[in-house]
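Below you'll find a set of structures to go through.
The following pair of complexes shares a single chain, chain A, combined with chain B in the former and chain C in the latter.
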Partner chain A sequence: MPDLSEYYQPQSLTAALELLAKSNGKLIPLAGGTDIVPAMGKGELKANGLVDLSKLSEIRRISMDDSEIKIGSLTTFAQIETSPLIQAKASLLADAAAAVGSPQIRTTGTIGGNIANASPAADTVTALVTLDAQARLDSIKGSRRVLVSELLCGVGKTNIHPQEIITEITFKIPSTGSKTGFIKLGRRKALAIARMNLAIIVTLDNGKISFARVGLGAVGPNPRRYPVLENSLVGQSPSESLIDEFAIEAEREVTRVLGSRPSAIYKCEAVKGIARDLLKKMFSDSGQGVV
Partner chain B sequence: MAQFHLEMKVNGKAIALDIDPGLRLLDVLRDILHLTGTKEGCGEGECGACSVILDDELVDSCLILAPQAYGREVITIEGLALNGELDPYQQAFLEVGAVQCGYCTPGMILAARVLLNHKPKPSQQEIARAISGNLCRCTGYAKIVQGVEIAASIKETKEGVSRA
Partner chain C sequence: MKKRGYGLANMWYGIGNTANPNPSGAFVDFLDDGTAIVLTGCADIGQGSNTVLAQIAAETLGICIEDVVIISADTEVTPDAGASSASRQTYVSGNAVRLAAEKVRDQVIAIAAEILNLPTETVNLYQGEIWNSNESSGVSIKDIIIKCRSKGILTLGHGSYNPVTTMLDPETGKGIPYATYAFATQVAEVEVDTETGIVEVKQIVAAHDVGTAINPQNVEGQIEGGCAMGIGYALLEEVILKDGEIQNPGMSTYLIPTSLDVPEIHTIIIEESEISGPYGAKGVGEPALVPTAAAIANAVADALGIRIYDLPLTPERVVAALKSAQEDSKKV
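== the complex of A and B ==
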């Protein structure tokens, strides 16, 4: 059991930010707890004190204005997975949230926590970087917006300052006619940490792909976009052969990134499978994932 | 060491106690409130033996600190039987033999309850998904899925009777 010398449960964001500002980096913000609580129990994470964010309902909501979706950082995976707005406008994120852990973890874990934890395999983070999502960070001194991809800087590492909290995640809704999808490869269906995950957005104009975004997780230290894979789709028409070419391109990219790591043999082969499965689903006329 | 004044509802009863804030909800339920029906399995959210219902949602009580339950309502397996009468989930699990060693059963039953609250007539696939965060090493799951189906029909009959 962690020996906490301080524990605060502020009732407002301002109060939480004041506590962090005063603590000189000694206090750690606690969101859902699904990563931090067992890590403290095992002694992997040493915390002097915690700022428990669980009462900040002001940052637990999903909304839309004009062309942008805004998700409060304390919104749980279950809320995202079942949100009709996210399902309709960014199904890749709903699918990514649905792929996290187990029902129990999804009712507790939060999207802000998923970013801050900076796991290489974070499911919603792969969807978020593919959407070019931005995170809003607040501190007592003000706020800043940073691309989620730029906030992440290695396994378990972020550029979040100790006095800051992620308060909101925003992204532009993919343009009308876009198709989006997410796929995860785990050791088993439920509860598995992703061995790899893949998110894709394509916009079709007169039968040709005019815009593409491809994000891969659990390949590099953090999920990120792969422009080479995006370029391999742009200008092409959906077809069986495009799916095959994309799968080969994905294998080449993963080989390049992983080099001679032990997991490379498995992942280079596996990425072809998930790439094929996901594109096939997206190119079929099921209407699934169409914005 | 810090102290935290925790107020929450457990199985319908208001509780107020001063605790070490580093305690997990599971620790408070088992060690302080002696509600030992909630089990600890893996302690890291893999097995679901510690599942409880928190404000109508299923959570792993080993993954949250007790203070996070402040002002909320917890239901454990002990909160199900009323006046010594088993509730439909417990009845159904007994009837079909969905219980072997019993370690996963409290979590399974609470998972079933949350499912049936949202979906009174779930498909087998929906049942499987609802219990996907709960591991059972004895039954092979078939009897558990069957138990949830029977619970659904017992509930339907009961509710039909109470409406009539």
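== the complex of A and C ==
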């Protein structure tokens, strides 16, 4: 069992923020705990105390506002995976949430925790950066909004201040008629950490791709967008040859980013396989992934 | 690119410990309410031996399986039955239970024949009653056991069985290492992605000669479990050592297949009765695992046209093998 001297379970967000403000960085916010608890058990993470956010139902909900989706940071992967709203408006995020761990982990783990943990392989984070999602951070001093991609600054590192909590994630709904998709490459079909993951959004105008977003995870220190890959899609028409060209472009990008790392040999080749699988699915006529 | 392939593997496997005595013992107590208690050291580790041993006792005593209580693997009260290993418990402990139950049955038959004035050779126990040839006498086994008690006779039996083997000649290795063998053939169908290197097992057909299947559903479960384990052996399981230290000592790093990684397994049970087995049974525990990895590796070789000699067939190994084959063909 982790060694803990203090444990709080505030009943309101304000109470939670006050606790963090007073603690001088000694307390760590606890969401689903699926990363923090094992890390404390192994002694990899030391904390004087935890602020358990699980009672803050005010930040555990999904809603839509005009053209924007808002997801409370404590919303679980299972809630996102099964949300009709997310499935209809941003299926890449529903698919990414469904790819996390196992049913038990998805029932407990949260989207805010997935960002704060800053794993290079975080499945929903790849989908969120592809959506240009923003995180809202609250402290007793006020709140700010930051792009998820800018909040992450390395393996296990974020720009979240010790007295702040991620409270909400927002993103613009991709324009009507867009197609979105997510694919994960794991060592097995469940309970696997992503070797790589890929999220894509394309909008078609008169048979040509007018807008594209491409995010890759487990290549660099954090999942991020790859503008070179986005540009390789824009202006093109979906076709077998476009899939081939995109796969080769993806190989080039991953090669450039990974350089001579030991994992490069495998990942450069494998990215082509997942790129092909995902684009083939997205370019098919099935209604899957259509916004 | 996705490539399909098919692979076949055969195996034979000795039942019991190799060229060594490995006896099992059992006690059977036929009670005056017509139920029986079986004491066996056989540990049911999920494979279902308690069920199979109860079936063997019930069959021998002519009673329902519901009327058999198994007390197993309790060193305080049960006789030694050796390890639940070597695919031996159905065969070895099954025989011990059968022999113990036969001793009790013979006592009950002798008393029944005497009381009912019938020749012992034609008396049998069946469906809770005393039968003469093919006809029930209408007298219940329970009544006979009560009569035994009134005469001061307890209906107890013990049995033990040790598979007939010989030591192996230290020079030639010749001898009789096992009393009986299981045989099997498995076929695997795979799809390999030549870029991600992922091997997906699409289906497995597993045909196993288990002797008589005492509990066919149980045998099916054993075969499916063995195939699942074989998929792990073929594709996932690897102990990674660095300077003598295991780098992946937990279930989160030493991966085994999840239910989503296991495809449909079509089991075919071949019942070739084994004369020395209890009601013709042999064993199926380990045989179910033995050919799976070979069948999958053969299927991968069929799909790719190249053969990989190291297990597990991880995505990295598959991709590396494809790349080196490509480079070799360029040289030629």
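Keep this in mind: the second predicted complex is superposed on the first by the 291 of 291 C-alpha atoms of A that agree within 3 Å, B and C clash if a C-alpha of one lies under 4 Å from a C-alpha of the other, contacts with A are read in each partner's own complex, and residues count from 1 in each chain.
One rule holds for everything that comes next: contacts are C-beta pairs under 8 Å (C-beta built on N, C-alpha and C of every residue); 3 or more make two chains touch, one makes a residue touch a chain.
Everything quoted here is computed from the prediction, not taken from an experiment.
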Which superposed partner A:A96 touches (first chain B, second chain C, both, neither): neither
Which of chain B and chain C A:L151 touches, first, second, both or neither: neither
Touching partner for A:L185 - first (chain B), second (chain C), both, neither: second
Larger contact residue set on chain A - chain B or chain C: B
First, second, both or neither for A:K272, with chain B first and chain C second: second
Footprint overlap on chain A, where chain B in one structure and chain C in the other make contact: 102, 189-191
Complex contacts: residues of chain C adjacent to chain A: 193-198, 236, 252, 255, 257-261, 314-316, 319-320, 323
Chain B contact footprint on chain A (complex, rising order): 1-7, 9, 30, 32-34, 37-38, 40-42, 49-50, 52, 54-55, 78, 101-105, 107-108, 189-191
Chain C partner contacts - residues on chain A that touch it in the complex: 102, 185, 187-192, 195, 247, 265-266, 269-270, 272-274, 276-277
Residues of chain B defined as touching chain A within the complex: 1-2, 4, 20-24, 27, 43-46, 48, 51, 54, 57-60, 62-65, 67-68, 70-71, 111, 114, 129-130, 132-134
